[in-house]
Structure formats: C-alpha cells, structure tokens
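What follows are several structures.
Okay, so subunit A shows up in both of these, paired with subunit B first and subunit C after.
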Partner chain A sequence: MIEAIRTQARNLLENKEVDVIIGYAEGSDSTRTTPVFIRKPEEVSRLIFDPRCINSLPLYLNKRHEYPQKGWKRTGIIAKGCDIRAITQLIAENQLTREEVYIIGVPCDGVVSHFSKWDGRLHDGNQATKCAECDVHTPTDCDFFPGERPEVDRSAPYKVSAPQVLNLMGLNTDKRFDYWRQEFDRCFKCYACREVCPHCSCNICITDRTQPNWVDQAAHTKGVFAWHITRAMHLVGRCTGCGECTRACPMDIQVDLFNQRLKDVVQESFGYKSGYSQDEKPPLITYKTDDSEDFIQ
Partner chain B sequence: MKTATLQKSDIGKCLDLLIQSQKRVIAPQLRPRLDSPDAIDVLMLTPLENGDNHQVGQGILPLNGVKEFLFVKHEPILAFENKDNKVHIKEVHHKYPETIIFGVRPCDAASIASQNAVFSSDNAGYNDQFFTKRLENTTIVTYSCTTGDQSCFCTSVGLEPDSDRGSDLHLTELPDNTLHVEIKTPAGERVANILAPLLQGEGDQAARDTAGKEAHKNVSRIRNSHLIKAWLDDQSNFDDEMWERLGEKCIGCGACTFMCPTCHCFDIVDETRGSKGYRIKFWDSCQFDHFTLHSSGHNPRDKQYKRYRNRFTCKFKIYQDKFNAQGCVGCGRCIRDCPVNLDITEYMKEVDLKASLPNALRQDPDFE
Partner chain C sequence: MSKKIPRHDFEPKIMAFVCKWCTYSGADLAGTSRMDYSPNVRMVRLPCSGRIDPQFLIKTFEQGVDGVIVSGCHPGDCHYNEGNYYARRRNLAFRQLLDFQGIDLGRLEFSWISAAEAIKWTKVIDAFTDRVRALGPHKQYHELIDPYDHYLEAA
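Let's look at the complex of A and B:
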C-alpha cells in the first residue's frame, strides 16, 4: 500500500501537479510518527502509514496556517477517512477549494488512542474509541486511493462514541459541573486544543483579544471555563470528531466530550452531520426560514 | 553529610508522619478519572490527605512539575479599587504554607535553581517575593530515577538520573528494596528529624553509587550539547536553514513551554469587575503568535519557526548569558507532550552536527 502511495507522490511532485505533500514520517522514537512536508521527489521514501499516524493533517490546510503565503498552489495530502471529512468541512467553510488540494486517501483500520499505548500492533486495548464507530475506514472523497473503494452506506446518524458522554449526561448538573471543575483545575491554557484543531480558523482568537478583554486570560476557574465553553460553542456543527483536542492536551483533559455531546444536539436539531458535504453549510452559520424554533419558549 | 536507610515500604508512613506534623505534603498520585477505554494512567503531584495511595518512586515523571507550586499558574499581585474618583491600591496577602514536596525527580529538582535565577538572583536584578517566599517554605525530597523512558535525556544536559541538585533530602532506591537517604540541607535535616522513627543506621554509599550508575545506563536518548552554546553565539547561524526546516510543523501551542520546568515567562493583566479588580500574573508562552507582537502590528518573530528558534536559543544560550543558569534539564516533557512530535533533541543533534563540521565543509554549497 505504502509503495503505491510513494509512487503516486513521486509522480505528483515530478510532474509538478502539487507543490508539497503533507504526510506522515517516522517520529523521533519508535512509538511515534510526525507530520512531514515532502517537496522533493527523492524524499517520498520518508512517507509511511500505519496505526501510529494519529495526527489530523488537514489542520495545515486551514488558512490560519498561511499555506497560500507559502506559495502552495496545490497541496497533496495523505488523508485517512476522518481527515478527509475534515478537508470536506474546510471546503464547506471556504478555507480552501477542492482544486487546491490533491487528496491521497489511505485505507485505515484505526489508529492508536495515544502513542504510549503502541506495542507494535493495533488491538482493542489501544485503538482510539472514535475508530470503533468510524464509517470512513475507506475514505469518501479522494483523488488517489491504493486499491478498490467499495460503496459504503454512510446515512446512519453519528453515534456518541465515548461512554463518558453518556455517563456525564446521566449526572445532575451540579455533579457534572464538579467533574469539569476538577478536570479544568489542571488546564493552564496552553491552547494545544485550539492549535491542533483543523477547524479553529480565526486569525486572532477571541481569547487573545485584549481590547476589550472578552475572555479572562489567566487560567483560573473563570478563565478556563470561559475558554472551553467558547471553544465548544464555536465548533458546534463544525467539529468532525477527530479527537485531536483531547489527544493534544498535555494535561490529559478530555475536552472533546463537549464536542461529542454537541454533535448529537446538532444532529437531533438540524439533522446535520459535519464533514460529509462540501456544499451544505454548517447549521449555525446559515439561516433558514424553516429552521426549528422549538428552543424559543 | 549524614546518611541513613529507609525501608521502601515505609514511604506511606513517612508521608503520614509529615502530614501529622502539620505540613502541606505534596507527592505523586495516580489521578482519578472516569472510566474510558482511551484512558492512560497519569501521575500528578498532588497535595495529600494521608500517605495511602501515593506513587512515590513509581512511573517516570508526574505530568506537572514542582514549577506550579512555586511559580503558580496565576496569582493576584495587587488589588485596586476606584473610589471617590481615586484609585486605591491594596496589597494582597497570600498564604505560604510550609510545604514538603516528596518524591521529586532529579530533573525537576534541578530546575528550581533555574527558576530561582530568573525570579530572585542578582542576574535577574529583581526579587519576586511571591516566588521566593514560596521557595523559602518549600522542602524538596528527591527520589533518584532507576530508569528513563524514550523521551528522557537528562544525561545529555549534564544531569544524572541520581543527581541531588536542588535536593534537601535525597532518596535513592537500592536493589534490596531499601532507600539510601542523604541529608543535604538544614531543611532536609528537619524532615529527617520528623522521619527519625523510620530511619535506620547509616546508608550504604557504595550500593547507592552502583544504583546510580545502573540508572545512567537506562537513559537511552543521548545527544552532545557541548557545542550548542558556541554555535548559537555565532550570529550567522541565526538564519540557518535548519530553523525553518525543523520548525515548519510546529503549530504554535504552548504545551512545551507550559510543561517545561524551566520556562518562566508570564504576563500581567488587570482583571476588573465593576470599579475594582486585581492585577494578575499568569503563565505566558513564547510560542504564542502574539507574544512579541508590537502595538504597531509588527512582530519580530512573525513565523512559528522563529518562535521555536527563540525557545531553543533560550534554553541553550539566553539562560546562560542572562541568568548564568541551566536552561534545559532534560526531563523530556516537551517531547512527550508535543502534538506534532517536534523534538528538541532533534535540534540538538542537528546543531551538534553542524557545529562539529570543519569550516571548509560547512561553506561548501554542495554539501548537505
């Protein structure tokens, strides 16, 4: 599989169809991989793909990362099914056009939930929970795919993938608040959850604005809650559930539980699943006269 | 130097004795969390209520270092109120409880001197009373490492897994499940006095040295850091191609800096509610895109790779030049917790290679 991908990558670079290929390379130790930018055909042998390739690379396609200023007219990208959903969402939000990206889809059986759990193979004990619910092991939309791509029915609604979402929703609000207060006590606002997110698109985040200072910058209870609630609300109907925010959190806070819950709410209220259509706009950034109004009492 | 022996199984009793003597005792504990298939076991330095369930000597490193107990994440430094058209400034009174941090790893203990160099040394030219008062009331009980993980690199920056720098009372695990106890300072002696009922005779110095040498062998990530400072001093390397090549993938979060035991940057902001408020000091990160943003809109570090260049330079040059202290203690947190596997030791390797090349080769345009 990887040989076919490397050959295609080499052809694309040699024929100047793309300026760069964003993919995965071996990391600095045996449990890790790292994002890599391949610009020369002779470097394609660095490309790899296996269950350690956790990162969601489409984040580098967000305009916030200034890829157009780098002179990338067309970007090749190695993408798992979930990454392609992120790309689809970026296109729906005008972060890039379909023509600007060349998607090299990869068949993916799942990735590990955390690099420290890698023991040489993927199994039930180390697979990320999102992968068990995944309906894009074979990706939806790509320009190149090594092998056959059978049609898959993807009309089923999202499932809540983390049991903690259900556990938390089963608690009363006071207890749920206590849970988050305890978890957020560790947050020091490094913003890894923001920076790793393919869909955080603002050039200047509202938390970084100081005139006026909308969100308290210090990592006290108020500042931390204000940030995480803002983050969750700004991603409503846009988050494609890659789980990178939780993985990136150095303090091991499961911040994506918010997003998973809101994913259900959006589906119940608007019947919308993010990352499946380049044309359909996320419900909270559009207005429709027949939108449900049952929240107005 | 006084030494003693302690049974490893008595650590819980030690913690109990210290808690009973009205000290705030902080030690590594497994963090409780809701069940999750994705869960990983996480050690955190936590204030204890009793000596049960401690994880002293277990695992590699707690997620948080001692930093957050000295240079805290956020604190008010003064209070103000606008009354009768006048601004009234009030001092804030923090509590500085007598604290014992038990089971600190040598890298974290060594980092305290680096923090102190910034917050109170003559080089810094200022005494941050919040930091120094906390430090005065804190006793550090270190616990030598027996091994390292794939990210540890203390031996590459002049430390050892059994170093006792920054330690008041130093514990080293011996193969017979006892601990070699070394009393390093008067504060350590006071702790030893409280623990006296559990301490036996003199320690076995030879066994302790052998254990340290064994541990040294288990730190596998080894880089040569001796040439880095001189290479960074050479200003022509400021625009070396390496910075952009290695740093391109950096996404600009502050995980490495906030996890780092020697990173010390902070910001100050006034938080006002109505007519009164607090001036708050809180952690900041040189990796943030607005860190050096001028009010004119100009930013001298306008690209992410330049921000990481600053971080690397801070660790291996600025710290030495400005504070005469060690910038990196090799704890590996910035490697473990980087979402994109940006690895400071890759920079170290690359710089070492560049610095050790003969000049003629370096100037050859065909050489890569």
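Let's look at the complex of A and C:
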C-alpha cells in the first residue's frame, strides 16, 4: 500500500500537480511518527503509514496555519478517513476549497491512542477511542486511493459517545462538577488542546485577548473552567472527533469528553453530523423555525 | 400601600440578559404599571437575544451570580427576524454543556417574553428567584473563584 502511495506522491510532485505532500515519517524513536512536508520527489521514500500515524494533518490546512503558502497551487495530503472528515468540515467552514487540496486516502484499521502506548501492534488496550466507533475505515472522498475502494453505507448515526461520557452522564450533577474540578485542577493552560485542533480557526483566540478580557488568563480553576466551557462551546457542531486535544494534553485531561457529549446533543437536537457534508451549514449558524424549545419558558 | 415583604436567610443574585425590543419593554411595562416582582434581578439590556453570547453567562457565574436568565422575543417576533432562532439553538447546546460540566440547570432560565407580557415577566422572575433561593448560593463556583476563601473564613 505504502509503495502505491509513494509512487503516486512522486508522480504528483514531478508533474507539479501539487507543491507539497503532507504526510507521516518516522519520528525520533521507534514508537513515534512525525508530520512531514515533502517538497522534492526524491524524498517520497520518507513517507510511511501505520497505526502510529496519529496526528490529524488537516490541522495544517486550516487558514490559521497559512498553508498553502503564497504561490502554492495545491496541497497534497495523506489522510485517514477521520482526517478526510476534518477536511470536509474545513471546506464546509470555508477554510479551504476542495480544489486546493489533493487527498491521498489511506485505508486505516485504527491508530494508537498515544505514542507511549505503542508496543509493536494495535490491540484493544491501546487503540484510540475514536477508532472503536469509526465508520470511515475506508475513506469517503479522496482523489487517490491505493487499490480498490469498496462501497460503504455511512448513513447510520454516529455511535453514542465513549463510555466515559456515559459514565459521567450517569453521575449526579454535583459529582460531575467535582470530577471536572479535580481534572481541571491539573490544567496549566498550555493551550496544546487548542493548538492541535483542526477546527480552532481563530488567528487570535478569545483567551489570548486581553481587551476585553473574556477568559481569565491565569491558570486558576476559575480561568480554567471558563477556558474549557468557551472552547467546547466554540466547537459545537464543528468538532469532528479526532481526539487530538486529549492526546496533546500533557496533563492527561480528557478534554474531548465535552466535545463528544456535544456531538451527541447536536445529533439528537439538530440532526447534524460534522464532517460528512461540504455544503451543509454547521448547526449553530443556521436554524429551523421548529427547533426544539422544551427548555424555554 | 405598604405591603409585607417576606424576609429570607438568603437572597440570590440574579442576572437577566434581555433583548431591548421585547423583554426589556415587557419589564418596563411591569415597572410603569407598578407591578411587584422580586428585586433580586439585575438586568442587562442588549439589542437582541441573538447578541447574548454564552460568554456573558460564564462571566456572570465567575462574578458570583447565583442564577441567570436569558430572555427575548417570541419566535417569529424578532426585530431582526431571526436572531432569537439562533439564540435558541445556541442556548440549547450551552445548557447541555453546562449540565455536563456539573452546573445545576435550575440556575439557568430561558424565556420568551413579549413587550406586552409584563405579567409573565413578573411571574417568571418570581418563580426563578424562588427556585434559585431553594438551591442556595452557587457555592461550587464561588469556591472556584477563590479557592482560598475558606482559609480566611476559618481564621
């Protein structure tokens, strides 16, 4: 499979169809991979793909990162099914156009939840949560796919959230508050969870603005709560569930539980699944006159 | 004229974010008609319920408020035609978010109150104040704001 991808990548670069291929390469040790930007055809042999290829590369397609750089026509990207959902969502949000990107889809059976969990093979103990409920093992919309692509029915709803979300929902409100209070006590506001998110598109994040100061910058539980509520709210109906925020968190806080919970809310209340349509408007920038209002007096 | 005002051990602080076309006018009508309603509420007038950013609500909790009301025009009555429809979706999601965070939804209220519904306004405010009073001070959030507060109290 990887040979077919390398050959295609070389052809694309040689024919100047794309200016760069964003993919994965071996990292600093045998458990790690790293994102690479391949610009020369002779370097395509660096490209790899295996369950260690965790990073969500569509991050680099967000306008915030200013790729494609000036003068670049088209960006090639190696994308798993979930990455393609992220790209689709970026297109729906006008972060890029479909023509600007050349998607090399890869079939994926799952990735590890964290590099440190890699022990040579993928098993239930080290698989990322998103992979258990994945319906895009075979990518949806791509320009190149190594081998035959079977038809897959993707009309089913998302599976309900990870077990942790359901466990938390089963607790009473005060217990939930205590849980988050303990978790957020560790957060020191490094903003890694924001930096890795493909859908945090703001050039200046609201938490970095000091005039007016909406989110307290101090890594104090008050500021941390405000930050996580804000972040989750900004990603309602936009998060494609890549799980990068949780993986990136140096303090092991499962920040994406919020996003998963809201994914369910959005699906139940507005019938929207993020990352499946380039044209459908994200739920909070549109409305129906008969939306549910049972919480309103 | 004097009416007996009941005394309570705890008077909640309540914040209301209201749209200027409907709810504010409704509250104004309540005032000009000299209707009695709970004085615990502090109002902020905004152009439209669609302008009421969830950020405002987070900020009010941070500032030690015990309950928050968001109120605007009935669906179809929005002065800007559709602002309240966006507000409805946003607040639906926001409530679920706060619920997941562990904040009691009893401390949040959303209502449609038109410029003519002064009576509804007084009823909503009174009922909400009673509800929040029963829930007590929003201790959890107060402790977040100042985690060392109780050391001072003990001293």
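Just so we're on the same page, the second predicted complex is superposed on the first by the 283 of 297 C-alpha atoms of A that agree within 3 Å, B and C clash if a C-alpha of one lies under 4 Å from a C-alpha of the other, contacts with A are read in each partner's own complex, and residues count from 1 in each chain.
Here, a residue touches a chain if its C-beta (ideal position, glycine included) is under 8 Å from a C-beta of that chain, and two chains touch if they have at least 3 such contacts.
What you see is a predicted model; the values in this text were computed from it and never measured.
Of the two partner chains placed by superposition, only subunit B is touched by A:Ser30; subunit C is not.
Applying the stated contact rule after C-alpha superposition, one finds that A:Ala248 touches subunit B and leaves subunit C untouched.
Contacts of A:Tyr179 after superposition: both subunit B and subunit C are touched. When the two structures are aligned on the shared chain, A:Asp216 is found in touch with subunit B and with subunit C. By the touch criterion defined above, A:Pro41 reaches neither subunit B nor subunit C. When the two complexes are overlaid on their common chain A, residue A:Pro107 makes contact with neither subunit B nor subunit C.
Of the two partner chains placed around the shared chain by superposition, subunit B is the only one that A:Leu59 touches, whereas subunit C remains out of contact.
Across the superposed pair, subunit B and subunit C both touch subunit A at residues 168, 179, 216, 220.
Residues 31, 34-38, 40, 42, 44, 63-64, 68, 73-74, 150-151, 221, 248-249, 251-255, 257-259, 267, 269, 271, 280, 282-283, 285, 288, 290, 333, 335, 337, 339-343, 345-346 of subunit B touch subunit A in their complex. The touching residues of subunit A, counted against subunit B in their complex, run 27-37, 55, 59-60, 65, 113-114, 116-117, 128-129, 162-164, 167-168, 179, 186, 188-192, 194-196, 204, 208, 210, 213, 216-220, 223, 244, 246-248, 250-252, 254.
Looking at the complex, you find that subunit C touches subunit A at residues 54-55, 58-59, 62, 75-76, 82, 85-86, 88-105, 109-112, 124, 140-141, 144-145, 147. Across the complex, subunit A meets subunit C through its residues 168-169, 173-181, 206, 214, 216, 220-222, 225-226, 228-230, 232-233, 236-237, 257-258, 261-262, 265-266, 269-270, 283-285, 287-289, 291-293, 295-297.
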